[in-house]
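Next come two complexes, and both contain chain A; in the first it sits with chain B, in the second with chain C.
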Partner chain A sequence: MDKQRKLLSAPYYLWMGLFVVVPVLLMLFQSFRDMDGSFTFLNLKGYFTSPVYLYMTGQSFLYAFLITAMTLFISYPAAYFLTKTKHKQLWLLVLILPTWINILLKAYAFIGILSQSGLVNQLLGVMGVGPQPLLFTRSSFLIVATYIEIPFMLLPLFNALDGIEGSLILASRDLGANEWQTFRSVVYPLSLSGVRSGIQAVFIPSLSLFMLTRLIAGNRVMTLGTAIEQHFLVTKNWGMGSVMGIVLIVIVFVVMGLTRKHQRGGIG
Partner chain B sequence: MEKNIVSFTHVEKKYEEEYVLKDITFELKKGKFYTLLGPSGCGKSTILNIIAGFTQPSSGVVVLNGDNAINTPAEKRKVNTVFQDYALFPHMNVFDNVAFGLKLKRISKQQIREKVKTALQLVRLNGFENKETTEMSGGQKQRVAIARAIVNEPDVLLLDEPLSALDLKLRTEMQYELRALQRRLGITFLFVTHDQEEALAMSDEIMVMKNGEIVQTGTPMDIYDEPINRYVADFIGESNIVKGRMLSDYLVSFAGKRFVCVDGGMNTNEKVDVVIRPEDLTVTDADAGQIQITVETQLFRGVHYEIVGLDQSGNEWLIHSTKKTESGKIVGLTFQPEDIHIMRLSETEEDFDERIEQYTTSVNADEKGADFHG
Partner chain C sequence: MKKNTKRSSVYLAVVFILLYLPILYLFFYSFNKAGTMNQFQGFTFKHYSALQKDTRLLIIALDTLRVALLSSLAATVIGTLGAIGIYFSRAKRTQRILINLNTILLVSPDVIIGASFLLLFTLIGFRLGFYSVLVSHIAFSIPIVVLMVLPKLEEMNEHMITAGRDLGANQWQVLKEIILPDIRPGVFAGFFMAFTYSIDDFAVSFFVTGNGFATLAVEIYSRARQGVSLEINALSTLLFLVTIGLVLIYYFIQKKQRSKKQPLSLDPTNHEKAVRP
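On to the complex of A and B.
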């Protein structure tokens, strides 16, 4: 039995080792090498002393935070009301459907919508506001990124809210709580597990969005993801790219730590 | 005149075209233990939900403590519920669960602490304040749920099959405790169950339900001894129900013989159902018995033997006897006139009550009547 279990779990350990542990170690190794391949601390030093890089990291963080906040702000009420609709699973599917479409396609679709002659500007033209430069701005980046990330926030929130026993809501009302009090002291605390997973599912990928920064934000927004891509593919400075990769991993762990389930609160 | 805490007048509830409750009328008096007894799907939980304010009746009037409750939302009603699945808040410990209702009112923290402590004492969970509900056993969760409800001092406590998830021993224990608790608090309890033993053991009054209607209301003894029809007789306990014919008042024929009974008020030669409880039958020699049966099976049940036999007319008889017999043997059965309960095939509860009142008490006033209607 025990042996069998070990045998069955072997592929997963192998996978973890080859595709998680080894790459991270390689990146760590790489971050201590200069362009010629000799050992150096200059990459690390360079990163932490360069205002450009630090600013960029801060910006990544800020945008990821804004995207997460916006998706949460939109998804929470959506998920809440979704659990109360009659065909909730169907509606959920409809809202999740955009994830089936390739992100590049979605980005190009938004270029069509937001461009100088796009749908939005045509509408603005009809209203007499005239065409506005919508594409290649920070706000367009935020809007598109939020749109793309919403399903990843919606799904865990929906699951958490939908998992709350109906009798708990009745019990709360029964004990004298009105709808708002019930939401505040029963529904919200019990949905926190979903909020946490939602934040993890959105914040972390948002830190390293790189395709959108170019297509929608026109390189006006530089995130860690963009910088890593540049270092590996354009300037071939693998050492610096690796340092940023490591920084990203550290940030991921910090976020996971902050959103970890505490001793009490939340179900499951 | 005792005060009515809850009263239903011609209350009906239908979902789309289907009636869940049909013409329900009843009153709950202060400080009594009521039970709604019926199989699942008979509408008993719907009555609780209407009292609690979770559902609205389709028609009829619901009065809570003198006020029409139609526009009172659930949170404003002085009614609390103990849910079947306990519905304890998993993100709160015992104290916070019990204090939930109190914290919504303007009560000082000191008072809340005291009230919670008293409530926990009542359900014998002293010192459990800081325990997580997720770590507790079913019986303990049950007690927390009760404490959480009674701490708000409701006019009525609704209990929706609260004991069904407990094992037999704990369930019996909780029956005693609930009854004692109800007496001590003087709160009206409305208990919903499909378990007739539970209902008989705890209630002041039982309302037997079937398909959205209240079939019979009465004390446990009333209902046990004078079931209105086959359904109630069957539901409320094991019984022998045989077809008979009323020859005249106080004279009934069944199993091919005539018997003196204590019921009357029926038409001559009216077809009736005759009920005799298994424990009212005594096994004797074949010659001495009023009915002769052939013993088919005999089962040792601990307290008694459960004997099943057939009479000459093919009626099956179930007997609880402390004396044993042998299968295949022909034995006699004896019983007293007052052990014979006659049920008309379709009689309304009002007619039934009137008839019973008239005939049972007139004949039996000295012996059994006092028990029946006291």
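On to the complex of A and C.
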């Protein structure tokens, strides 16, 4: 009977092996090959000795960090207030509905909003400030990326905050804690699992938003994702692209490890 | 206390407005007589009729739908069976490793999936086009199906299976009569999520579409790079209306089934995002 079960899940293992493990191994393999296909360490060496690439990786990290921090800063109060509203599930749905609009369409909307005579500059004009070049700057990339990632932070935060037992909060109030103290010593520690999931859900994708860097930042921002796309699809230097891919994979594992749930003491 | 509720409603309202403003901006200008996204010069439907005549775009829209339907169906079947396999794997250690692996796949960046698939397809000489996109969509949708189905399996009453077997049911009957009906909501949720992931995907498709085939997102990207075209606005308005319809239907189906304690199990778009606390 176990055999049958194994047979049933065979397509799953087969598919995952063939289309997940093999491609990643290929990428690892490719990172040791030069443009002609022969074995080399030059890609690796090239990456780790190139100030340009290392700077790009650092910058990529910094942007992802800023985006994550800003989304967290905006989403945490929103998620907290959401849990206190009536019909909270419906309001949550309303707030995360924009994620069902393709990311490219949202980026495209910002091309209009941030353009030379777009909405923001018109508002600035009303306030007496002349038109500012907003599009194709670093801050425009940060703004649009934050906008796109907010719902992905909001959802895990909401789920964590909403899962806190109401009786714990009542108990804390009964024991004389005021609202702020209750928040600090009861609500906040219990919401950390949501914060961790939110960071995972925002930080990792933020490293690879190559379409935004192209459409919004006008190539002023180079993230790891942009560099990988460039090496694979534009310059066709797959070896170097693969090195960066492997670096990105390693970063993903590190981030996952750092934000992993602690087994002891936490409430699952 | 009352002041507090007021402040929180204001905050939520501001977030709401910020989130919807760009989208409404997009829709608003789809009716603009002038061809730009900043000076509104009067109301027109001409961008919608242009859209109607754009056969290339319509074919691409149909192709996108075809990929999404086929890939989510296949991912649902494979993923559900995979989840059952993971659930029944004897050693708890193996089980935990498999679940962790699934989570890592969920958060793995699109560019990695795209680039590594490009490597694979090139190596085995697979032509880039409809099938390469389909295969990669199936692959990145499977983990989300597994994620949706596994909790339902864990909620399942295992005694039912033992009872069924005692009463003489064979493996197939146990699967068909006991397990599948029990986990049906998870399977549907998985299908829905896989479908939206596929519709929404850009990065993976971008790597493996090749020449001659495109999905909507890829086409929009190449058009948007050339500048503003209000046909895109018109298209996004229509797409949004369709999605709202789908999401609302899904929400009310879920609401009927959902017990109070479970969190909302719809989870937005991109497949790396489905991490739950």
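As a working rule, the second predicted complex is superposed on the first by the 258 of 268 C-alpha atoms of A that agree within 3 Å, B and C clash if a C-alpha of one lies under 4 Å from a C-alpha of the other, contacts with A are read in each partner's own complex, and residues count from 1 in each chain.
By our rule, contacts are C-beta pairs under 8 Å (C-beta built on N, C-alpha and C of every residue); 3 or more make two chains touch, one makes a residue touch a chain.
Here the structure is a predicted model, which is why all the values come from computation and not from measurement.
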Side-by-side fit of chain B and chain C on chain A, or clash: fit
First, second, both or neither for A:175, with chain B first and chain C second: first
For chain A as apex, the angle formed with chain B and chain C - C-alpha centres, to the nearest 10 degrees: 80
Chain B versus chain C as contact partner of A:167, first or second or both or neither: first
Touched partner set for A:107, first chain B, second chain C, both or neither: second
Partner chain in contact with A:30 - chain B first, chain C second, else both or neither: second
Partner chain in contact with A:190 - chain B first, chain C second, else both or neither: first
Contacts of A:8 with chain B and chain C, given as first, second, both or neither: second
Larger contact residue set on chain A - chain B or chain C: C
Minimum distance between Cα atoms of chain B and chain C in the superposition (Å): 11
Common ground on chain A, meaning residues reached by chain C in one complex and by chain B in the other: none
Complex contacts: residues of chain C adjacent to chain A: 4-5, 8-9, 11-12, 15-16, 18-23, 25-26, 29, 36-39, 77-79, 81-82, 84-86, 88, 103-105, 107-120, 123, 135-136, 138-139, 142, 146, 171-172, 175, 196, 199-200, 202-203, 206-207, 216-217, 220-221, 224-225, 228, 232, 236, 239-240, 243-244, 247, 251, 255, 263-264, 266-270, 272-277
Residue numbers on chain A that touch chain C, as the complex places them: 1, 4-6, 8-9, 11-13, 15-16, 19-20, 22-24, 26-27, 30, 74, 77-78, 80-82, 84-85, 89, 91-113, 115, 117-119, 122, 147, 150-152, 155-156, 158-160, 162-163, 179, 193-194, 196-197, 200-201, 204-205, 207-208, 210-211, 214-215, 224-225, 228-229, 232-233, 238, 241-242, 245, 248-249, 252-253, 256
Chain B-facing residues of chain A, complex: 165, 167-168, 170-178, 181, 185-186, 189-190, 264-267
Chain B residues touching chain A - in the complex, by the definition given at the top: 52-54, 73-76, 79-81, 83-85, 87-91, 93, 100-101, 104-105, 132, 148-149, 152
